[in-house]
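A, B, C and D label the chains in the order they appear, each numbered from 1.
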Amino acid sequence: MATTVHEPPKVEPRRAPGGPGNPGNGGLRNLVPNDDSLPAVRDYAPAPSRTGIWVVMAAITMTFAAFTSALVVRQGAALDWHHLTLPRVLYWNTLVLLASSVSLEISRRRVAVFMGGPRTLDLKPARWLHVTLFLGLAFVAGQYAAWLQLRSEGLFLATNPNSSFFYLLTALHALHVLGGLTGLTYVLRKLHGVILRRSTLDTFSYYWHFMGVLWVYLLLLLWMRL
Amino acid sequence: MKAHYKTAVTTCALLMLGFGLLYSTHKTINVSAAAGGTITGTIKLDGTPPHQKPIDMSKEPACAKEHASNPVTTETVVVGPMGGLRWVVVYLSEGLDAGTASQVPSETPTWDQKGCQYIPHVMALDVNQHFKVSNSDPHSHNIHPLPAPNGANHEWNRSQPPGTPPFDQVWAGQEVAIPVKCNIHPWMHGYLAVVKGPTGVSDANGSYTISNVPAGTYTVTAWQEVYGSQSQKVTVGAGKPTTADFTFKAK
Amino acid sequence: MHDMSAHAAAHHGPPTSFIRKHIFSLDHKVIGKQYYGLGLVAVIIGMVLSWLMRIHLGWTNAAIPGLHLLSKTGAPGDVMTPEFYLQLMTMHATFMVFFVLTVAPFAAFGNFFLPIHTGAEDMPFPHFNMMSFWTTFVAFCVMILSFFVGDGPTLGGWTQYAPLSAVGSVAGPGQGAGVVIWATSLAIFCLGQLFGALNFIPNVLDLRCKGMSLWRLPLPTWAWFITSCMGLTSFSVLMPACILLILDHVAGTSFFVASNLVINDQLQPHSGGSTLLWQHLFWFFGHPEVYIAIVPGMGIVSHVLICNMRKPMLSHRVLVYSMGALAVLSYMVYGHHMFVSGMNPFSSLLFSFPTLLITIPSTIIVLIWIGSLYGAKLRINSASLFALGFISMFITGGVSGFFLAQPSIQILLHATYFVVAHFHFTMAIAALFGIFAGTYFWFPKMWGRMMDETLGKVHFWCTFVGTYAIFMPFHYLGLAGNVRRYSSFPADYMQSFVGVHKFITIAALFTGAAQLIFFYNLIHSRFRGKPAPDNPWQATSLEWSIPSPPPHDNFGGRHVVVYHDPYQYGVESSTGDYVMQDSPEQVKTEHEEA
Amino acid sequence: MAKFFAVTILVIAILSAIPIVRNTWHPVEDISTHGQAIDDQLSETMWEAGISFLASQILLAWLIWRFSSNRAGEKTKSFPGGAMGLVAAAFILVGVEVLALGIFGVKAWANLYFTPPGSDAMPVQVQAGQFAFYFRYPGPDGKFGPIHADKISEASQNFFGLDPDSDPDAKDDIVTAEMAIPVNREIRLLMHAKDVSHSFYVPALRIHQDFVPGLDLQIHFTATKIGRYEIVCSQLCGLGHYNMKAYLDVLSQQDFDDWLRKEAAMQ
């Protein structure tokens, strides 16, 4: 067990930011250069936020997995499951959310170019982020519209198990989306201050795309009769 | 024609005046009458009473032993000799003047738990009248009154270990009647009738007495846990007893 | 979130104001101490509650002076009512399991030492780390609140089985507001623990210093890493369960309440809910939670033992793999809590085999400990005594697992005191011994002062003997069919057990009193103890190569580089029989490879 | 100090084992046909667990005794077997041990849960509610009347919510607070929960089964010994949990018939 060490172990060379298994700057925490100069911004990507977002997504996945199993069990538990027809607006919301992911990807490309190539600000990556922000808000508004429609049909949280799960899952998802949107405003602020770190944008986009995937999953779950 | 009309009007006027006077004098007499009258009566059951199931208390050996000689039955309909109906609450549902209604008797009755039964099975209380809950058994009891939800009275649920002092309770609003359960002994069941003004509960012979009733005209209501309520109007004169009998029909 | 990391991390010297330094501090060490303090408060509450319960079980209708202060209706004439007993029992379990066994060995020591062990200056997301503590603290306060709201805390037991927990106050005192508060508090608690995992995992994966390969991490850090992975996947299941439970209460939904339930002659308004759903959700969290309580203790104890044996464990990796195996298996065995719960009897059998298998990694861990003791130069001090005591306790607790893993035997033992004995020996006592060992070992580093050894040893002897005196008899009561969660024993065949309960009560009061020695030692040494050197135990891991207590950024700006495996004992070096992890000195190892 | 500790561990281990060896505390006598397998399984496990317990505690004590004396200059040694030896031991000893236990245990479990009740098994229904058991016998017609939850009333002792006036099947149902069964006759027990989860625990019968609200379960057993035994609830069901119990009377067929007649008369 006790290995003899004859020469200092070789330390992995700092890899490109975002590369797999980034050693996290060897435990040094000067993630942002003291002078917020752009060239420096490209390095010093903190891997922790990339790992962290996976942790967050794992937790969210487990939570919704638990709700899923509850839904499955509850559907089998009794015959009082009245399968409700989903409001049509949900399908539009889905498109909106997916579109927001696309616009986010576009701006990500632009930021990459912006950081790599000649740093001319006329690429306007921010514009596409604003599009994402707008679409995200539109999605939440759409969900709200869906709730209003169900209410008008006399379906409330406690009306029957299906409506309970519908409100519960959509509301929790909307909550997570709103959380993402606050993150997005933060990204925008950083971008305008020209001190945006690549990892910040990457982390956010992981989360945002995950929200999209999660929503599609929830839609299928609520749509199909198990 | 016209004359007739005039006479008619005058007679009516006179009559009304007369009644008016009568009524007012009546009032004055009433006020002067200090000690009110009493309402008495018997409550009978017409028909064969439903079978009262015997209660098996083997779960609680102490109580089972206590009732070994005289087995206990349910007390939903208890008929005495000559068909007298027991545990009927009789109270004045209408006609009470505010003064009497708001009076709260000073004595605090006790609602005892003995041999895994509520003693008495039905107890009448005045609104805001304090009463004590005591446990005479060698084991814990639980007292769980279930008043109508969102009324003036609130549900409570507490246990009383043996040898602990009686605790004091009070009800805020009129309610006939609040069912009371023991959660530890499912067969233990009783009623607390909370009413404004004087009340009576019928005894083993089905007879009851409501005392200290100010003279006046009242609606007397009798409540029985299975057969519900019956009412009749009675007029109580100063000091002299009035009778009001009730007869419930066995379903 | 990374803005936070950036801020805390980057250009931020030590805070100056009292608030930032001691209350809303971003420093993982302060947060670790805060968690430790929270654990202490919770353990005192839990202990006092258990005393009251024990007194009631021994002398059922005896008055306990002042008891009425704890509850409006629960103690008429200072005599405990059955419902108040159950409320105390539920709160004892809740405080102990969540706010002591989860908080102290994992969150407290983990926060303080994990970043140091990885050679990092702080957690990756200090703001989340701070939120993690304060969220947990809020959860704690909410739980305390339930003593003062409505008719007291819930009496449903920490497992809080539906529908008793879901139908509301009609089912008994505390089942209305009490349950809602309980579930809310735990949902908040889960959030706090998820924030914790959010820091622990990236710290281990990304913030290791130069030369610190994963296999060079000390065992406690491995344990904390595995634990936070478990916490990540189990607390995120308890939270939705709590949300569903709260909805059944406040929103009139029917997730857990079946149709046609009649309580106190009242037909319940719910319909169609599934009774077993709660049990499945709860135990999917509940069983990993048991290992969340134990595994950090295992890591800490190994750490302490190695240092006091002056030799490394037989195999670092086997221990790590075994702890990992425990973690993985713990998700497949939760059904053994439900053998007779009306689950399909076939799935009971399915669950019984992984449950039996989980004894293998546990046995491996114990054998590695025992085998490593062979040929050791054992140092006896408070820390190592508690570490060895942990092994003895864990053996005892593990052995009773043989019984409870088998459905057929659970027909006799399910829900009896045998189960109580089992989980106290494994989860509760073993974890607490881990906490004690860790405290006596790390106190010098955490507070820069030595603890009093004599008091420590006295504390150990009382605790060790007392604990066996309390929990061993539980096995016998269980075998004889004494059902747990009874506030007294009116059943004829249980009358004869009361004598044993009296004995256990006395032992419990004695052992509890002995803990006062520990609290005194803790507080006294904190202020009056003699100053601690950097490395009082001649230990090797990184926390001992920095001052005690460590400076704000742990390594004083030094770019620490690691050259050795964590436990280089029994070697010949300039410092003696050990070499620090970060010393470049070349050493020759004495004993052969394991 | 260390030697004293070693001795303490030894003493505690032996003291703990004494009541088990002397069988001071043991399950109540088994009166069921299926219970023997369970008891065998229990003693089987007790042997293996007891041996592992004593062995490892003694080993621990010896190691502490032996290796706590720090003789100067003595070097630390490593366990000759090495880690892999121990791992192998764990797999072979414990793995085989517990798997064997598990596999033998299946028998005990199976003949309680995987064998259908005989066609002549006598049906009895038990209803668990806060905080008492009530039992129902189908009467001469052999049919249970349906349960009307809205008619359940403890005040009038209608625990099962029966409606004899409209359900002919309910007319002759016999509801009792004690459970009486004829000896050596297979019983098919239908378990119904009135309110929350409860459990039907009869140590003497080696029967332990939870009531699941909304899901009526069935178990079957045969009692082989006349006597008065106890049924207790082992699933926390509320404040009266500790006092939720009923008596089980195992009677001769003759006594049972008389008892049933007496109960029928009291309905």
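Just so we're on the same page, a contact is a pair of C-beta atoms (placed from the backbone, for glycine too) under 8 Å apart; a residue touches a chain by one contact, two chains touch by 3 or more.
Keep in mind the model is a prediction, meaning the values are calculated, not measured.
Colleague: Is the C-beta contact count larger for B-C or for A-C?
Modeller: Top pair by contacting C-beta pairs is A-C.
Colleague: Suppose chain centres are the mean of their C-alpha atoms. Which chain sits farthest from chain A?
Modeller: So the chain farthest away from chain A turns out to be B.
Colleague: If you average the Cα atoms of each chain, whose average lands nearest the overall Cα average?
Modeller: C
Colleague: Once you find the CA centre of chain B and the CA centre of chain C, what distance in Å lies between them?
Modeller: Comparing mean C-alpha positions, chain C is 58 Å from chain B.
Colleague: Calculate how many whole Å lie between the centre of chain A and the centre of chain B, each centre taken as the average of the chain's C-alpha atoms.
Modeller: Here the centre of chain B sits 67 Å away from the centre of chain A.
Colleague: Please compute the C-alpha centroid of chain A, do the same for chain C, then give the distance between them in whole Å.
Modeller: Result: the chain centres lie 33 Å from each other.
Colleague: Counting only Cα atoms for the centres, state how far chain B is from chain D in Å.
Modeller: Going by mean C-alpha positions, chain B sits 49 Å from chain D.
Colleague: What positions in chain A touch 2 or more of the other chains?
Modeller: Residues 77-78 of chain A each touch two or more of the other chains.
Colleague: Which residues does chain C have that touch at least 2 chains other than itself?
Modeller: Residues 81-83, 172-173, 258-259, 264-265, 272-274, 276, 314-315, 490, 569-570, 591, 594.
Colleague: Scan chain D for residues touching two or more other chains and write them down.
Modeller: Answer for chain D, listing residues that touch two or more other chains: 129-130, 154-155, 214, 238-240, 243, 245.
Colleague: Could you list, by residue number, the parts of chain A that touch chain C in their complex?
Modeller: Residue positions touching the partner: 1-6, 8-9, 11, 22-24, 26-32, 34, 46-49, 51-52, 55-56, 58-60, 62-63, 65-67, 69-70, 73-74, 76-81, 157-158, 161, 164, 168, 186, 190, 197, 199-200, 203.
Colleague: Please name which positions on chain B make contact with chain D in the complex.
Modeller: The touching residues are 51, 53-60, 74, 76, 139-140, 142, 159, 179, 181, 183-187, 189, 225.
Colleague: Would you mind writing out the residues of chain C in touch with chain B in their complex?
Modeller: Where chain C meets chain B, its residues are 61, 73-74, 76-77, 79-83, 151, 169-170, 172-173, 264-266, 490.
Colleague: Taking the complex as given, what residues does chain C use to touch chain D?
Modeller: Against chain D, chain C makes touches at 81-83, 86, 155-157, 159, 161-164, 167, 171-173, 175, 257-265, 267-268, 272-276, 309-311, 314-315, 318, 340-342, 345-346, 348-349, 352-353, 356-357, 359-360, 363-364, 366-368, 370-380, 385, 388, 391-392, 395-396, 399-400, 402-403, 405-412, 414-416, 457, 464-465, 468, 472, 476-477, 479-481, 483-493, 569-570, 577, 590-592, 594.
Colleague: Could you please specify the touching residues of chain C with respect to chain A in the complex?
Modeller: That would be residues 1-3, 5-6, 8-11, 118-122, 124-125, 194, 197-198, 201-203, 205-213, 232-233, 236-237, 239-241, 243-244, 247, 251-255, 258-259, 271-274, 276-277, 280-281, 284, 312-316, 559-565, 567-571, 584, 586-589, 591, 593-594 of chain C.
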